[in-house]
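Each in structure tokens, the structures are laid out below.
Same chain, two partners: chain A is paired with chain B first, then with chain C.
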Partner chain A sequence: MKEKIHPFHLGIILYMNQVGIGLFTMPRLVAETYGTNGWIALLGHYFIAAINILLIYLVFKWSKGQSIFESLEKVIPKFLLFPIYLFLIAQWSFLGVILARYYVQILQINNFQTTNAYPFIIIILILTFLLVMKGIYNISKVTTLLFFFVIWIVFLGFWLIPVWDAINFTTFIFKGSSENLIEGSINLYSSFLGYELILLFLPYLDTKRKNFTGVFFGHSLTLLIYIYTCIMCFGFYSFGQLLETLYPTLVLFEFIEFNFIERIDALVFPFFLSNIIVTTTIYFWSALEVSSRVLPMIKTKWLLIFLMVVATLATLKVDIIRAIEAWIYKLTILEISVAFGLPLLVLLVLFVGKIKNKKGTI
Partner chain B sequence: MSFFRFLLKDKQENSQRESTIHKQKQKPTLEAIKQEFSNCDDLVEQSFDQIGITILFFGHLIEPNMFNRDIVEPLTSIRSEEFHSLMERKQYQKVKTSDDTVQAILKGYVAIFDKKETYIVNAFGPKERSISQSETESIITGAHDSFVESMNTNISLIRRRLNTPKLKVKKFAIGDLSNTSVFLLYIEDIVNPDLLKELENRISNVKTDIVADSSMFVQLIDNSPHSVFPQFFTTERPDVVVNKLASGKIAGLTDHSPNAFTTPTNFFEFFESPDDNNQRWIVGTLVKWMRYVAFIVTLCFTALYVSATTYSYEIIPQTILMSLAESRDRVPFPPLVEALILEIALELLREAGVRLPTKIGQTIGIVGGIVIGQAAVDAGLVSNTLIIVVAISAISSFVIPNYILSATLRIARFMLIILAGAFGNFGLVVGLVLLIIHLGSLTNLGTPYVNPVAPMHPKDLLLYFIRPPHGMKKYRPTQSISPEPDKRQK
Partner chain C sequence: MHVFVKIVAVIFFVTLITGCTDKRIIEEIAFINLMGLDLVNKEDYEKNRHLLVTASIPQIDPAAEAKRELIFTNAKSDKEAMLNLSRKTNRTIVSGKIKVILFGLDLAKNGLNENLDTFERDPIFGRQVKIVIANGLAHDVMKPEFAEKPRPSTYIDKLIEKETKMNSIPEALLFQFQRDVADDGKDPAAPMITYADNEVKIDGIALFQNDKYITKLEPDMSRYFFFLNGDFSAGAINLSFEEKGKESPVQFMYSALKNSRDIQVKVNKQEEIDVTLTVNIVGSALEYNGNMDLGKAEDQLYLEKKIEENIEKKSIEIIKTLQTNKVDSLGLGRYVRNKLAYEKWKSMDWQNEVYPNINIHVEVDAKIKDYGLRT
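And now, the complex of A and B:
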């Protein structure tokens, strides 16, 4: 019997996929975009993403756990779907590599400033390759282990309580918000993305279980961690400091000291490799799932190597943080379109399929 | 032409095979059996001329009292016409084929050759080690007996503790040359029949010449033969096997091996010791946690030292940094080389200590650990801080109750040290993520190796991460239980 993913593990995969590098810039982005007490606006992002997840839930219900590709191919001829497939493969492969690059760039702020970034990127891609090749059931197990491997970092925030002051929150709400609200919101929404890939998990879920309870658990855990991080930062920095600090979450860790260890940001940030590995793995796994529809005859190992090499070569020139952030912004816009567009397309196809079936039976 | 040659060879092989089968099935005669054992100078042939009987046996496989009682005394006190009525006693069995006779002699039977018939009688009872304490899994409280090399003794040690007819034993003969007996033990109604069937299939498909030990045998039936991690739990202790059997697991015993293996197993089982059950539950739980801390320390401490002193001096508080800088002041090597030298030296010491007799082993420890260590610091070859770090890592590795896992972790530690030396904290985390990916994809008999964390079984977490009070232990681990489990422990 094919192993199915348990709702709890589905939630953990979603959490690990969502929470990543965005956590380190989020408090500043929130302050820049929404102004004082901007963290409240995260609830809005959460609910928009939740509506999107409900669309995916509808797909799951209507298709009874069928693969979205099977649903699409039943109604739309395959040659018409190929451009969509190719777009998805490129989109997800690029996202996987760009996020790995972004992580390496921030890592090099602390250490290895003069070292070439490629050894680090290649290491991340090797780990990703190893994990993707294990299959989705093993990915879910490893993701759960990696979750416990990093979750302890949350509790380090308690050491900041003595220097945390509620007065830094100010009594104002959304004062000093950005004029470019849409760009800021899109940047922030990228931290919630990752849930759209649940669409590809549908055939690996047990239809008898409450899978979407797991999804909402993961999504809510993400929100909880984001709000917790923002509250820690809003209480630690003044609003002005927050706007000026590039990676406020990272700097926060610099202030935590123990008797035997200090400047733990140098230790904590590498641990976030776990989140990055999960994110790149899930994106490449998704790209591979689509690739297998386009080129079913090629072995997955070679397909994956091809995707990784092409995506890395295509982003060869994207080697400074500003360029990477610009890429992420553009890919986020495309990904939001995919997140809403793909389930809507599948729902439409399922609806047409149902009508066709009804006509057939009449 | 070659095709015909091939056919011819095949024909020759077939005829050889047929002649062997014919030999095996032919009636046993003294000459035929002696021919089978030609050039075996340890085979003893003894004749009782007054009744015209000859016996064959291996002197080192028999027990002298039994031999005298069942063979020598009866055969010297009867007349030739009484021989057949003597052979009707239940300890004597008539054999019909040469092969059966050969196998019986090899297993410690005495073959008795009349002019027409052949009989065998069991006189097996070679010298064997008496039951003693386990040296690799010693405990403070609780039963101290451990398995020996004799299968009968080992099974009796388990049966004595499990007085139930539901304890079933299945026998397999493995090894083309050794023909070693492998026994599977399980408790009916508790065991998962699917897992039992899977294990039986795997054992039946083993192709090997000899089976020397349980620890070697399990490597022939595991899923990932290239993994450094042990995938079957092996133990010398009957009380541990009994506990595992009661929790629905299957135990395996190999003849001539003082180790038993149990399955399905998971990574967290290797951190358990029988002492935990004998302690008060709070103490048992804390000791268990200490082992997990030791696991982290033995894996990461030296690697973290290398990483901190190579790339991330900022994580060391200034007060410690001063003394660390002083201790490293005269050391001519980079931290990675310094750590590798010391770790390899320690591994050499450990290996030398294991091979040498106990008293000399202790001397090696003192000479190596104290004299060479101090001299190395004085000579400025290594820093005394690193000696402390490596010593703590080594001590932590000995806290892990399972020797095989402890040895695995020492190997994994080298990988982490090298990665930390190359990429600092990032390298250290890469190594740990690599281990997690590897552990996450391992299975034991098809069940996940990292159960109960992934897949998550919250009730089982209590069994593995705390030592619950005995009154509250009402569940068997999900990994091993039958699909229709009898949930009560009793």
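And now, the complex of A and C:
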């Protein structure tokens, strides 16, 4: 029998998949979207995502840990499923590549400004390739390792305490927002996305274990880190300044100075490569899982290389921050639809399957 | 090969090849330490945006006699200045090590937002860059070189750093300055320096309304400003007051100060705003040439009363200056804002109409912690 993912690892995968570049823009985005003390609204996002995770939990319960593809293929003919499969492959491959590009783009604001971006992207893709090929069980172990590789950064926040002032929070709640509420919320929700891929993990979970305790642990850890970051920023910046700062979390690190090192922002951001590698890995792994359904006869190694090359070539022209952000926004909308639509579809199929079974027994 | 070994190998390889691109060789780089921006001719500035940009670069070539290279140019922005300055030195100019940005008085009066914007946008500048205002031209402050002092850039940087620690000038790092400019309940304040009598020295506190310089506090008043500004520990103050039986004012040295400040805002039904600043100070009495006996408790109480009166008087003087000049350098607006509804706060003109007319009280409580080693 294949080794199963431990609930703790599952939680860490979810956390690493959710927390990424969004963390760096989030404090400004919540201020723009919801106004003063907008970080409170993150709780709302958390609960919406939690409801979505409950749907996935239901799928897990009803299907008894069966792969969603098997559930779907039992009821829906394969040729009808193909378009959905192709869409999912494209969506997840693009997300994987675009997020890596976004990371490199921001990295280059501070480091290696004039170097070509491709060496960085290719390195991320090579690491991703190596990880994906080792399978989900090993990915989960490596992810846990990478988690401890970056989580210490949280403690750097303590150096900001002398300049942190609660008066900057103001007593106003949700006042003075400047962004479109819907657009802003969608952008913010992208920082919680990543949980939808748990749907594909179902066959790799041990049905006897409390897997979804792990999932909620990861999801809550994400919220905790987001709220911590926002509280740091809201007390550090004045509200007006927060609205003007493009990457508030990054600038926060600029302020920390040690006797032996200055400008640790240039050092901290590269550490987040771990999060990006995990995110890209999970998206490509998911795309690969679907691809193996469509083309089971081709070796996964070649399939993965094919996906990576196509996704990279297709996004070749997406090389400025404006274009990348526009892509991410569109992909986020699609991903939210997938996150809610796919489990609902599977639930429907399982329901239909049950009715059929009952009829069959009568 | 195990996947983990492969990953470590790739990371190791990647770390090494980073040295192959975007190279910077330290001997070939001119690190600007101190940068001065001046508005020399107002008409010219309004028409052409011409600024006098002065850069002080440490000289590391052993063949050169001077400790630093001072180069300057006329340019429309600090970015254009970099290109111009580059033509005046054999090294590649970089601005990532700027510690202090010195703004001339006229430029400060005109507003600093436009210039600060580029410093904020460019990631090369750290947020810990110090903002300092020169009383006069920044260029004039930067020009003199003193044989008995370190190179001017280091001297100014360390001078500001030390005085900030002693709480005689406010800390105005780029980030803090911008925070206060962007805050509708606080105005920024920055240290001011001057070149006079063949010396470069601290010249009080420059007070701003948003990004525009309005007025300054003299150095002898800066300490009182700090009592009102917030909590601190360190620093000393010399008080002088009249005493019976003494012809000249008595000198009293109040040192090793520990200050805590509290702000209370009351808004009554007529929407009148009343602000009370409570200042608690504890310090040592290290110098006193009056008739009281420092060893006696009742005399200490008398002196404490004197200190309180003295500090209250000076504090009220400062607050009057701030209110008449419409500069909220103490950030009282932030405390008032917290007492009001959002719509009310947004509908009023805090800076120009409300702040100059509110009642501000100061209550000082001073304690003599000890009185040295003599009875």
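The working rule: the second predicted complex is superposed on the first by the 360 of 362 C-alpha atoms of A that agree within 3 Å, B and C clash if a C-alpha of one lies under 4 Å from a C-alpha of the other, contacts with A are read in each partner's own complex, and residues count from 1 in each chain.
Here is the rule we go by: a contact is a pair of C-beta atoms (placed from the backbone, for glycine too) under 8 Å apart; a residue touches a chain by one contact, two chains touch by 3 or more.
Keep in mind that what you see is a predicted model, and the values were worked out from it rather than measured.
Enquirer: Putting chain B and chain C onto chain A via the overlay, clash or fit?
Expert: After superposition on chain A, which the two structures share, chain B runs into chain C.
Enquirer: Can A:301 be said to touch chain B (first), chain C (second), both, or neither?
Expert: Neither partner.
Enquirer: Is A:354 touching the first partner chain B, the second partner chain C, both, or neither of them?
Expert: Neither partner.
Enquirer: A:257 in the overlay: touching chain B, chain C, both, or neither? Say first, second, both or neither.
Expert: both
Enquirer: Report for A:130: first if it touches chain B alone, second if chain C alone, otherwise both or neither.
Expert: In the superposition, A:130 contacts both chain B and chain C.
Enquirer: Does chain B (first) or chain C (second) touch A:176, or do both, or does neither?
Expert: The second partner, chain C, only.
Enquirer: After the superposition on A, what does A:274 contact: first (chain B), second (chain C), both or neither?
Expert: After superposition on chain A, A:274 lies in contact with chain B alone.
Enquirer: Under the stated touch criterion, which partner chain does A:112 make contact with: chain B (first), chain C (second), both, or neither?
Expert: Once the two structures are laid over each other on A, A:112 reaches both partners.
Enquirer: Contact-wise, after the overlay, does A:163 reach chain B, chain C, both or neither (first, second, both, neither)?
Expert: So A:163 only meets chain C here.
Enquirer: Looking at A:138, would you say it contacts chain B, chain C, both, or neither? Reply first, second, both or neither.
Expert: A:138 contacts both chain B and chain C.
Enquirer: Please write out, lowest number first, the residues of chain A touched by both chain B and chain C across the two complexes.
Expert: In chain A, residues 111-112, 123, 127, 130-131, 134, 138, 142, 145, 257, 262-263 are touched by chain B and also by chain C.
Enquirer: Please give the residue numbers of chain C that touch chain A in the complex, ascending.
Expert: The touching residues are 3-4, 6-7, 10, 14, 18, 21-22, 120, 123, 126-128, 175-176, 178-184, 186, 331, 334-335, 337-339, 342.
Enquirer: Can you list the residues on chain B that touch chain A in the complex?
Expert: Touching chain A: residues 311-312, 314-317, 320, 423-426, 428-430, 432-434, 436-437, 439-441, 448, 450, 453-456 of chain B.
Enquirer: For the complex, which residues does chain A have touching chain B?
Expert: Interface residues on the chain A side: 6, 8-9, 107, 111-112, 119-120, 123, 127, 130-131, 134, 138, 140-146, 148-149, 257-264, 266-267, 270-271, 273-274, 277.
Enquirer: Residues of chain A touching chain C in their complex?
Expert: Touch list, chain A to chain C: 36, 109-115, 123, 126-127, 130-131, 133-134, 138, 142, 145, 163, 167-168, 170-172, 175-176, 237-241, 243-244, 251, 254-255, 257, 262-263.
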